[in-house]
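The same subunit A turns up in both complexes below, where it pairs with subunit B and then with subunit C.
Showing the complex of A and B:
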């Protein structure tokens, strides 16, 4: 019914180039040596130092203590991303189940207690949160890295919306069959939520992986550095060096980009469903 | 006879209203049947409540509390100073400058990333050939973290190797990102918009694709002008999505751009443009001004509260959700 105009394609191609080219250039440039980049600027064609640069970034011991390698940072980023996503799903599914499927007096109040957390992002309460962590001796631990990030209701909100869309008949049938709340949760709700869990896992993995400010404050011990933190330290080293390690900085950026982007592109359908269907 | 037939422009509008009603979701589907148990709901809620009590409510209360105190920089206790921290923050020149920049930054980032996202979504919705490829390409950069976007952006605006700087030089613009206030602000806005377009694209595209084919066909028959059709049929149906995105984009510009800004100012905020969140962090962690930083946090909290209230009370009434 609608005839495509050539202009539509032109706009889309320009848009796609505008969004994707910087990443392509970042990758291509990372395969050249720092001196080449310094002389010739950013590169659009592949160079011959791919293995060398990435080998260095992944295995070279860096930092002040010489404790941390790119490999270690990659692992820490995965621990943060996966730990955060799993923690979020477990906590929020349970809480949403209690809010939707139980009749208890404080339900409405608890709803507000939980959903108020949506109003204040971590960034605005960053100082006192840091204080609490140091009081609890959780600085430089994985617990300290992951658990405070769980203190928001996004996941609970998604699951609550989803549970509300599950037909009531299922619960009626289950009760007739004599299933209790725990059995109903494990045998009916969890299997039904599979797609939703997958979608939320992707969104939360990306969110956890991309955390910057919190890991930066929480980790002074370099063995807990994530890739995001590594990017900051690579830039701090630059000040005063003759030829900055452009290639290594780009390689680090590419490493930090690949896992979340791959997850989003591969699981596009689930991800878009999860993201857009639970917003309203 | 003109009075009896409705003017042509009214038809699509009516169509849109009907479509909205058709798309309508049922009222809040609270469960008719629920479990009755005293203990179980609390067991299910316990982990989430524990986490938010310790890591949300406790620190938030502390932020409010310490905003009324002046902390001794050497750690010898603190003195109650009432509203002095707030007064200091609000009257200081540097705070006002940062607040002004934050406002301009937020408006520009929100406006540009929303309009570009919408433009691309409308075009991606219109084409058939290559639609899947465009979609994949356009959403792929969604998952890039703000500091990584900042790093890549910094390279593109680098004085030695940056292609954008060379491009600007052609037009006689001597761009000095990191040294010149305006140039740095330009680069920050550019990078922040770049990073946010895919998000808006995803939401606008799925909003567009939710418009029923029957509505589109009816509108197409009634109205040949593409722009009018877009304005009178598609825009009202997209309004809830656009509104939701407006709030999300404002919070993005206010808070999530921290990574972009931190990477781009490279720990030298002195002459560079920064946002309010960056100032909270800078004053608190590097300036060791805990009271002042907390007061700024509380001011930001109030801004977020106000935004949320606007969301629920004011604007929502004007937008008819399906």
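Showing the complex of A and C:
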């Protein structure tokens, strides 16, 4: 095995700093007042307005209608992130289950159809999706925000590959033990997929959390604003002599980082397991 | 507990490939039947058709008096033990054993009693709360057998259950399977490619080749009277020597010796000789000369490989017998196996027991 030398650590430290510094700068800057930031630019030393800024961000009513608080945006982001992750996992597991375990005439063909859509980003189908949701009167609803994006080629693909690695004998043993398709799915497949589910959950939660374009199209009502939109709207007030609340924008950005980081930390152990080994 | 009737069963795959050609087999209640054959002979396919994991293309399978062709595996009243154990990895041993019963809606107390009984029988009681991955191969196989036992099925189906174990454990487990089956008296169908396993376990042995039955019989019957050269070479270790010989006017000649065998056939035949049936000829008695090529020492005995004329021969000799470069061997007149040179089927000529120099 390779013995670590001091140089390796230097490279590691530089790499870590490179990734961590922007976050530190954002956090430190958020503890100064907007005027200070406007005068002196980004800060790397702590300021004296930590509690004040974060308190304001979380509770002050803002936006154009004055009805949306940071808490509300945080909640919306959570609903979107968790709704995405859970919905995508449920849907793609069931799709993959059907593709792997049921003999369809065109199962392989269908799989490739699904797989091909992996190549198409959301932006390609964003207008038709919007049209459909608008006709269904689902604009400005959580349903409209979440449901159209639930079909996940990535998730289906990962679960399909995982299910294929489960030995056939397990299915046969379950059949002899009297477990039907639904029982087998719930009693055997789901518990075995735990690590895989954790991995997909992280990916999809972060994906949902970071959505910007889709919520912006789908919702005009400010009570559906997510954090991503909140940050943007704080910076959009450059009118006359008013300066944007940089401190609040940074505070919100820092807040926006915390939940995905927490999710990764919590699921990390399973996540790595899920992507590297099939638990036998 | 029930008899199993396999009546002219055929398996043809979608591509037109036929894996099993009309196999007929009657299994008595409580009997231990071993299906043996080389890989690809259709033995596993046949077992899986009985289990209901493969559809039956033709013929009929009956368990007890019930025709089961169209029944789900769960409804056939059978239990199966797989080669790779197929334990549910996320369940404890206890849950693994109980799963089949739970699905059938067996009462909780009954499940517990049966699991405890099976665990005691298989000596896995102390592992009941462990997950399969914390168990060794032998223990896993016990759990897999436990899963079959708790169900109290009409029949056990074993699909090469010992192939994943190391040689020593295989011998132990072989004995335990036999003991357990005797004790429970459950009809069993056992698939293996290991002829030794087949010989030691079976009440009756079914030798399969290319999707057809070559021979059915008690292990010793098959050993002593193989129905074809295929069976002769497959059953027994070392494999039976099969050499070219001739019969002229009822007299077999091989290696410079002749034996009167009756006048059933004339011309070339295949002569089968078990390695342990040949002895060193006593001084003064005519023998066939074998040019010794190499020796395999097995401890209790040694295998001597050599040539008689242009025919390879293997002989089992006691280590006490002195070795020479050329050895004079007897031809066991009452232990000759004669096969048709073309078709390989056994010729039923009763040898008269006289050996003479040519």
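The definition used in the following text is that the second predicted complex is superposed on the first by the 258 of 280 C-alpha atoms of A that agree within 3 Å, B and C clash if a C-alpha of one lies under 4 Å from a C-alpha of the other, contacts with A are read in each partner's own complex, and residues count from 1 in each chain.
The rule we apply is simple: a residue touches a chain if its C-beta (ideal position, glycine included) is under 8 Å from a C-beta of that chain, and two chains touch if they have at least 3 such contacts.
The structure presented is a predicted model; accordingly, all values stated were derived computationally and were not measured.
Participant: Just from the overlay, do subunit B and subunit C fit on subunit A, or is there a clash?
Facilitator: Fit: subunit B and subunit C sit side by side once superposed on subunit A.
Participant: Quick one: is A:121 in contact with subunit B, with subunit C, with both, or with neither? Answer first, second, both or neither.
Facilitator: A:121 contacts subunit B only, not subunit C.
Participant: With both complexes overlaid on chain A, does A:85 touch subunit B (first), subunit C (second), both or neither?
Facilitator: So A:85 meets neither subunit B nor subunit C here.
Participant: In the overlaid three-chain picture, which partner chain does A:68 touch, first (subunit B) or second (subunit C), both, or neither?
Facilitator: Neither partner.
Participant: With the two structures laid over each other on chain A, which partner does A:191 touch: subunit B (first), subunit C (second), both, or neither?
Facilitator: Only subunit C is touched by A:191; subunit B is not.
Participant: More residues of subunit A are touched by which chain, subunit B or subunit C?
Facilitator: Touching more residues of subunit A than the other partner does is B.
Participant: In the overlaid three-chain picture, which partner chain does A:176 touch, first (subunit B) or second (subunit C), both, or neither?
Facilitator: In the superposition, A:176 contacts subunit C only.
Participant: Vertex at subunit A, arms to subunit B and subunit C: angle between C-alpha centres to the nearest 10°?
Facilitator: 80
Participant: Give me, in Å and rounded to a whole number, the least C-alpha distance separating subunit B from subunit C in the superposition.
Facilitator: When the complexes share the chain A frame, the smallest subunit B-subunit C C-alpha distance is 7 Å.
Participant: Touching subunit B in one complex and subunit C in the other: list those residues of subunit A.
Facilitator: 172, 175, 279-280
Participant: With touch defined as at the start, can you tell me which subunit B residues reach subunit A in the complex?
Facilitator: 28-38, 40-42, 44-45, 47-49, 51-52, 54-56, 58-60, 62-63, 66, 116, 119-120, 123-124, 126-130, 134-148, 151-153, 155-156, 160-163, 166, 194, 197-198, 202-203, 206-207, 216-217, 220, 240, 244, 251, 255, 258-259, 262-263, 266-267, 277, 280-281, 284-285, 290, 293-294, 297, 300-301, 304-305, 308, 321
Participant: Could you please specify the touching residues of subunit C with respect to subunit A in the complex?
Facilitator: Counting only subunit C, the residues touching subunit A are 51-53, 72-74, 78-80, 82-91, 99-100, 103-104, 133, 147.
Participant: Would you tell me which residues of subunit A are touching subunit C in their complex?
Facilitator: 167, 169-170, 172-179, 183, 187-188, 191-192, 194, 279-280
Participant: Within the complex, which stretch of subunit A touches subunit B?
Facilitator: So the residues of subunit A touching subunit B come out as 1-2, 4-5, 8-9, 11-12, 15-16, 18-20, 22-23, 25-26, 29, 37-38, 41-42, 90-92, 94-95, 97-104, 107, 110, 113-114, 117, 119-121, 123-132, 136, 147-148, 150-153, 156, 164-165, 168, 171-172, 175, 181-182, 184, 206, 209-210, 212-213, 217, 228, 231-232, 235-236, 239, 246, 249-250, 253, 256-257, 260-261, 263-265, 268, 272, 275-276, 279-280.
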